[in-house]
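All remarks here apply to the structure that follows.
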Amino acid sequence: MPGTSDVSHSPVIAEIDFEKPGKQFGALRVPQSRNDSGWGTISIPIVVVKNGKGPTILFTAGNHGDEYEGQVTLLNLSRALDPQEIEGRVIIIPAMHFPAALNGTRMSPIDGKDFNRSFPGNPRGTFAEVLAHYVDSRLLPLCDFQMDLHSGGHGMDVYCCTALHDLDDPAMMRRSLDMANAFNAPVTIVLKEVNAGPTLLAAAEKRKIPALSSELGGRAYVNIDNLEVTERGVRNVLKHVGIMKGTPAPHPRYGKSRVMTVPDFNCYIFVPRAGLFQPADHLGAMVTAGRPAGWLHFIEDPSAPPIELTYKASGLLWCTRGEARVQTGDPVVVIAQDRAS
Amino acid sequence: MPGTSDVSHSPVIAEIDFEKPGKQFGALRVPQSRNDSGWGTISIPIVVVKNGKGPTILFTAGNHGDEYEGQVTLLNLSRALDPQEIEGRVIIIPAMHFPAALNGTRMSPIDGKDFNRSFPGNPRGTFAEVLAHYVDSRLLPLCDFQMDLHSGGHGMDVYCCTALHDLDDPAMMRRSLDMANAFNAPVTIVLKEVNAGPTLLAAAEKRKIPALSSELGGRAYVNIDNLEVTERGVRNVLKHVGIMKGTPAPHPRYGKSRVMTVPDFNCYIFVPRAGLFQPADHLGAMVTAGRPAGWLHFIEDPSAPPIELTYKASGLLWCTRGEARVQTGDPVVVIAQDRAS
Amino acid sequence: MPGTSDVSHSPVIAEIDFEKPGKQFGALRVPQSRNDSGWGTISIPIVVVKNGKGPTILFTAGNHGDEYEGQVTLLNLSRALDPQEIEGRVIIIPAMHFPAALNGTRMSPIDGKDFNRSFPGNPRGTFAEVLAHYVDSRLLPLCDFQMDLHSGGHGMDVYCCTALHDLDDPAMMRRSLDMANAFNAPVTIVLKEVNAGPTLLAAAEKRKIPALSSELGGRAYVNIDNLEVTERGVRNVLKHVGIMKGTPAPHPRYGKSRVMTVPDFNCYIFVPRAGLFQPADHLGAMVTAGRPAGWLHFIEDPSAPPIELTYKASGLLWCTRGEARVQTGDPVVVIAQDRAS
Amino acid sequence: MPGTSDVSHSPVIAEIDFEKPGKQFGALRVPQSRNDSGWGTISIPIVVVKNGKGPTILFTAGNHGDEYEGQVTLLNLSRALDPQEIEGRVIIIPAMHFPAALNGTRMSPIDGKDFNRSFPGNPRGTFAEVLAHYVDSRLLPLCDFQMDLHSGGHGMDVYCCTALHDLDDPAMMRRSLDMANAFNAPVTIVLKEVNAGPTLLAAAEKRKIPALSSELGGRAYVNIDNLEVTERGVRNVLKHVGIMKGTPAPHPRYGKSRVMTVPDFNCYIFVPRAGLFQPADHLGAMVTAGRPAGWLHFIEDPSAPPIELTYKASGLLWCTRGEARVQTGDPVVVIAQDRAS
Amino acid sequence: MPGTSDVSHSPVIAEIDFEKPGKQFGALRVPQSRNDSGWGTISIPIVVVKNGKGPTILFTAGNHGDEYEGQVTLLNLSRALDPQEIEGRVIIIPAMHFPAALNGTRMSPIDGKDFNRSFPGNPRGTFAEVLAHYVDSRLLPLCDFQMDLHSGGHGMDVYCCTALHDLDDPAMMRRSLDMANAFNAPVTIVLKEVNAGPTLLAAAEKRKIPALSSELGGRAYVNIDNLEVTERGVRNVLKHVGIMKGTPAPHPRYGKSRVMTVPDFNCYIFVPRAGLFQPADHLGAMVTAGRPAGWLHFIEDPSAPPIELTYKASGLLWCTRGEARVQTGDPVVVIAQDRAS
Amino acid sequence: MPGTSDVSHSPVIAEIDFEKPGKQFGALRVPQSRNDSGWGTISIPIVVVKNGKGPTILFTAGNHGDEYEGQVTLLNLSRALDPQEIEGRVIIIPAMHFPAALNGTRMSPIDGKDFNRSFPGNPRGTFAEVLAHYVDSRLLPLCDFQMDLHSGGHGMDVYCCTALHDLDDPAMMRRSLDMANAFNAPVTIVLKEVNAGPTLLAAAEKRKIPALSSELGGRAYVNIDNLEVTERGVRNVLKHVGIMKGTPAPHPRYGKSRVMTVPDFNCYIFVPRAGLFQPADHLGAMVTAGRPAGWLHFIEDPSAPPIELTYKASGLLWCTRGEARVQTGDPVVVIAQDRAS
């Protein structure tokens, strides 16, 4: 394909008009040479719904391909949202790292990159880097708010939550936490780190955009109960930021979101060897430091007893390993603790 | 390695003495040339516990590599079993298709074969075929009973059950069903087919050995609740066949096992296209023909509504898809119905 | 999936009723375990159009995945054919080796088998072998005529023709040749071999079914001119065998099909080394033994002159290499000669 | 290999003397560690022919491995060129991205990079990046003129042409266009973009070197007719720039090159889904907006009619899809229109 | 390629005349479909030297691709042998499993089969099986003697020897051992097994052909000293069987070959875990049961001492592991003991 | 895993305290997302032994995964070293590029990078780049001395030596050479290059740290004799730098290390084609320019004589090809010459 004239140097072409009122279904077209199609492109569906003069929010899912509650929610939202019911602009990318989502894997088979470790990206890099650069440099500047819908994928099962960083700027922190409260997941995790590395959440925070991440389940399937939380949560956020009318209200079952944090590495358990992980507790249980967290079994030697892993911190069993088979260095447990307000 | 003298033509060498009393931890050694080790072998752990003159039972797990409740149970049983507490012989292979189990996948990376589609095997075939031939021609003849512990793997989540075929021979049928009742899973599935194809269960049945298969969960992790059923079940079977003392008793929570069947293809739903499956019901729910079973979403076109899939039969939601991402022709639902006694 | 009861031992399930009048779009469902779907299946579309009591013909394309004139023709025929316009039964499989056709390659990525080297197949073999067994043992017995539509694929460009074997039985030979004349490709190639090995054409001939193969172009694209010949040819055959009304008539441009043969290995040129093949003549040219057929260039040594390849036989340039890059032993030229009647 | 002293930091070593008169066949040696050869290197053949004091031109082919008219032409030119018949210097790299050319694919199996998206390269990057850096930083500075010979590869068939960018600098534009006219392909495509991205053509233009690209056919074979144009064209260019004696003259068949352009994205058709593309017209036809450009067929559903694709612009059918099998987002048609002079 | 007429059903074509006097360089042409060359073939070089009426011997090397002393010897012999100096026929295949030899690996990348585990082969099987069938059913019947030249490959280093089986038939045993004595390697290993499985040596023995295998070094390089033994050995055998004039004489350095055997599995050491093997002794050393044979180190845990492996038998260190990195079940030591005559 | 707060931007976490006295076995934990473990990490064992106030030395091995004398030596040293016997700090990484070492290959399967071409690394790059950045920016600043233990790997066999660069700074040169003399390998190679590119040795030199590399054998096994040199050498260096008590003494067999160099490219032989390399001389032989260095054989054409390769320089045969199979451009010989002092 003849080199495309593009003053800002991203080779990505948005086949949608971000300024046009109404609802549009369009695509981000990313060039990707293949041996059987040198000028081939990959089209990433994007939806813009716009009405009047309100704020802009960007909802994304499929940042990792095997995280599904967000993808289903945003597909449904794309069709359901009526421009007449909003004031502002909603930009939706239901399956952002599209080749990974089509493949049903965290990373895509194109370049093997973790998309959420690729920000701020590179317009001359690999597919994930080119796309991350576009999202960071073109889409984030359009936004007043951003929310990236994650789940635990194959490797983890996570207790349904939103997540944000413990930001230095108290106003930004307040606005982000209000957004999390509005979403109203059972739990809100405030991560203590200031610099969260090459993630979309951190990219948004660097641009001073109130932003949320989330972990809405795991094990690479659609958890029905968490899907209900998610569908409700994105509408709550739309109401909270003033794009939709109405007020987010506490969930009938659990009321307000419980604000928690993961204070240090004692909350994690990483396995010391490859093996088969048997957990001791169900996700969401309250657990106690010093008690067994699970056992690591070794099929190569049935005479060897399993290694007993022990909690090093007390709290909520926030994350548990998604699959029994683990490799040396895999985390199998993360504990969350209530956050001092 | 110099060609091994082996009158029965299997190249597999058992480094264990099946007739020796007491407990032994040994291996089945299967030759497997690699480019960096022409005379390399793969060692599959096997345990034999023997005392006195009672019957022989073979317990196997890891027929598919990513099914774990059985693997953990048999590893624990291997260490726990005291020769003094039995009368007879217990042969245990906790991770039978060992390279698949090490890889955490249904099939092994060596030959890509489904081990449970490889019986009666072939001593000159690929790894799975050589091993299936050994299990069928050497181990089954030693047995009075056999039980192969499966779960649903990555692709399925299954309501905890044992499974057997609806056999023509009423005595064999009775003995197999008694064994299932003894195991006492919440559900027992009687599959109507006489000829179950190239599975280990069918191989045992052809040799007139009362045999059970099972589906003890799924999604490639260790389900704590099902693990408890399995640990209890294998001991119940040992008591039932007279190797261990004592009597299997009904489970305190659900009492007797509910005997069910899958009468025809109306109980299955196969997806007509690749997509993202959202289930309508939780595993184990009682569902009704004509009601929605789930929705198939399409990330490539957010403007397209999902396909609604409908139950074609009423009954227990026995199997549900393990992962959201599905390919054309994948089953996502199997319904079981009570069996007329 | 519970082992399916199947007296004839093929695990393939036809989701179509071969005896039902009218037009049906159905599928052959072939079990294919994947690591993420143990009970997965592959659905191969099949179409049956039936009316009254006439003969049965089976049309197949996509035996090799990258041969397209036949696939397009049979897809169009599937939709166009009105049961009312036929007397008999037309069974159509537009993309027989379906995973290869979806992949756009000669062989499929599932087992790497050449489907047309897999007959008579094996119900316990790999995907291609299971499918070949079904086509041979289930579909061919339903047929009075069979036609398998090939082209040259990536590796070859072939002058548009039908092909059949020089059969010992004069009546069979006559009937097959009449069918080829009816199809009315520019050329008909009579291959001298009696035993053509493990191909579908040979499988049909063994069952005494008048059968045709063909080579309707090549280079893995749709040749517009050859597509016109193919669309016309399949209707001509339907008329010839009496399923459709009407009479095949000579093509306005080239009249009758020219009957030719490839008498011996002198008609072939295989390259002696890997290199870059530059042909001397256009496909379909009349060429002369002793003249240059092309040149083999060597990018690894620009100082080395190319090897000049010379025709060893005179005749029609029937096949020419599809791609410039060749490996040792690749054929780059096949010459056809007029057949003495 | 002990670290090589290289003040300019490229690890590439030219085993040829660019300043030596006469004809030399040499190599660019690029280090490339392999698991079985840590100090391995890849040798890319290069030819230098030098005589007297005229200008320097660099001819390259095999920028993409599966584009062959240029490779054959430059191999032949390498042997044919007599230093005595020139005044100046001709540098020839007949198969520049050598591992891709050996592999017969657009990209090489070493790093999967598209070489013509790798400029200006990186001396510490992957193979393609290291080589691009060398070509850009070492070879281009030697040149007064540059020509990079492309064809359409597996994915495209292109109407034989040269190509250049519509440059801002009128003198550069004039000199480049004169060079294209001298080459005298049937068509000259003036691409409107100023910044053509990371291509060799753009790299030359950035260095103010009059430069040409070209598309001399496609489908990964050697088109005999286009080869004749190419062989004639490179000699025409040598005469035009004064390295060879004589004057380029209009082609006897088509006279002067027709100068055309591709004004906007309406000239392209990208397919909206994966399928099988059947073109409506032959390459080089004059086509009309609103008329059918082809059809997209779906083997997964023979009951579904193909999607009819429609030309959105009138003009010359400049590019057509090389293979029938297409993926979502692949271009299948590009239209060129006469350029207002 | 049109199906080839072949009454004996092997698709392999010998492009050489086994009955023609003089020296011929020809090929075995084995069909092998590729995605880019459906009618592709693989040519395996074969040499026939024939004169007068003496016996026929078949020399083969490259049965495993990474074993080189035999390949070099037979390449040299092919060129050196003058028909005038022989009486009989010498058939030479210097690189029998040709794609493996080109790849420098034990097995070929085509089907991953160990060629020496593929006899008696299958004319419809994979590449290795088709070729083994041809060698067994077509070439062996032409032979009076056979010798297959192996070395240890990447995985082993072996003390230079010939090898044969301890055959039941005393006359066959005598003739084979005489042949080994004539070859005059430092050591002759008599393997005790009667049924040596699917090897070429066993295939020859089944056809009552005196046959030898050998292990002429290892580690996938050319051992200069062993190469001298091999070059001398093949000529000694030619003299011994009467094809060449002259008499084999004892080697000046070690005199007669030492006849040894590997009596049982105590002579082997297989590693119990993956690790890094450090040998205690040099190849060819005389070692003592109970002494350290080497150490298995674990890079994953520097605090863990290595496992000390101990010789279970005394004798000559005949084989030692070729590479330090080992997997569970790999043999690292084989001991040979003098054979009671 | 929540983004980790890390002011210096390396995502690597050292689970060890570099300042704590005594001996610690710890790990460098490097994040590495996998599809089945998004928050997975790779743990690289590291050992710190510290006592008192002496200097710090860093010993590394497994920079390339298939080089073993260093790995075994450092594993043994890790366990053997008693904090009481040192004054200072010894940091040991026995298998630095850990995934490559586990895989038994030069490069790791994670990113295919040559770790010793990855310095100074990139904290946002691939696994090898992230690790190189950590070693360069975190570990080297702790060091007074550094030694990186290499061998030849699969591709080379090297005469046991240490290696250093011919540095501009005479004091640095003196200190480095003294360290090499202390190590006391049979040979010391002084490489003439100042800028050795992206290696760890060059990274240390840039930081003005006296540093050594080495080549302690090859062919990917543990050479017993060289292991003895290595074990002795690292203790000699510890004594030389004053961390251990005692004085390095000349080796009883060869006395002082012979200081040599590789003056120019005439000392190398690269093969001009792929083939089978037969060396003429044993490693360590003194060879003469103009004499045969070996022969390149061609299995694809037994009638073609091998290419004779000739030494272009006289001296010690320092490196010889590790495996017989070579590709175009592979070095097969490197000659070292005595260094004028």
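So that you can tell them apart, the chains are marked A, B, C, D, E and F in the order they are listed, and the count of residues begins at 1 in each.
Methods note: a residue touches a chain if its C-beta (ideal position, glycine included) is under 8 Å from a C-beta of that chain, and two chains touch if they have at least 3 such contacts.
Since we're looking at a predicted model, the values are computed, not measured.
The minimal number of chain-to-chain contact steps leading from subunit B to subunit F is 2. Farthest from subunit C in terms of Cα centroid separation is F.
If you match contact pairs by residue number, over half of those in B-E turn up again in just one of B-C, C-D or A-B, and that pair is B-C. Because subunit A and subunit F carry the same sequence, their contact can be compared by residue number, and under half of the numbers here are used by both.
Separating the centre of subunit E from that of subunit F, both taken as means of CA atoms, is a distance of 36 Å. Taking each chain's centre as the mean of its C-alpha atoms, subunit A lies 42 Å from subunit D. Chain centres here are Cα averages; for subunit B and subunit D they lie 58 Å apart.
Residue positions 36, 66, 104, 154, 300, 322-323, 325, 328 of subunit E each touch two or more of the other chains. Across the interface of their complex, subunit D is touched by residues 1-7, 9, 11, 29, 33-43, 124 of subunit A.
Those residues of subunit F that touch subunit D in the shared complex are 64, 66, 105-107, 114, 117, 152-156, 163, 165, 189, 191-199, 201-202, 262, 268, 270, 322-323, 325-331.
Across the complex, subunit C is touched by residues 25, 45, 47, 62, 66, 68, 71-72, 74-75, 78-79, 92, 94-95, 98, 101-104, 154, 157, 219-222, 224, 227, 276-282, 297-303, 305-306, 321-325 of subunit D.
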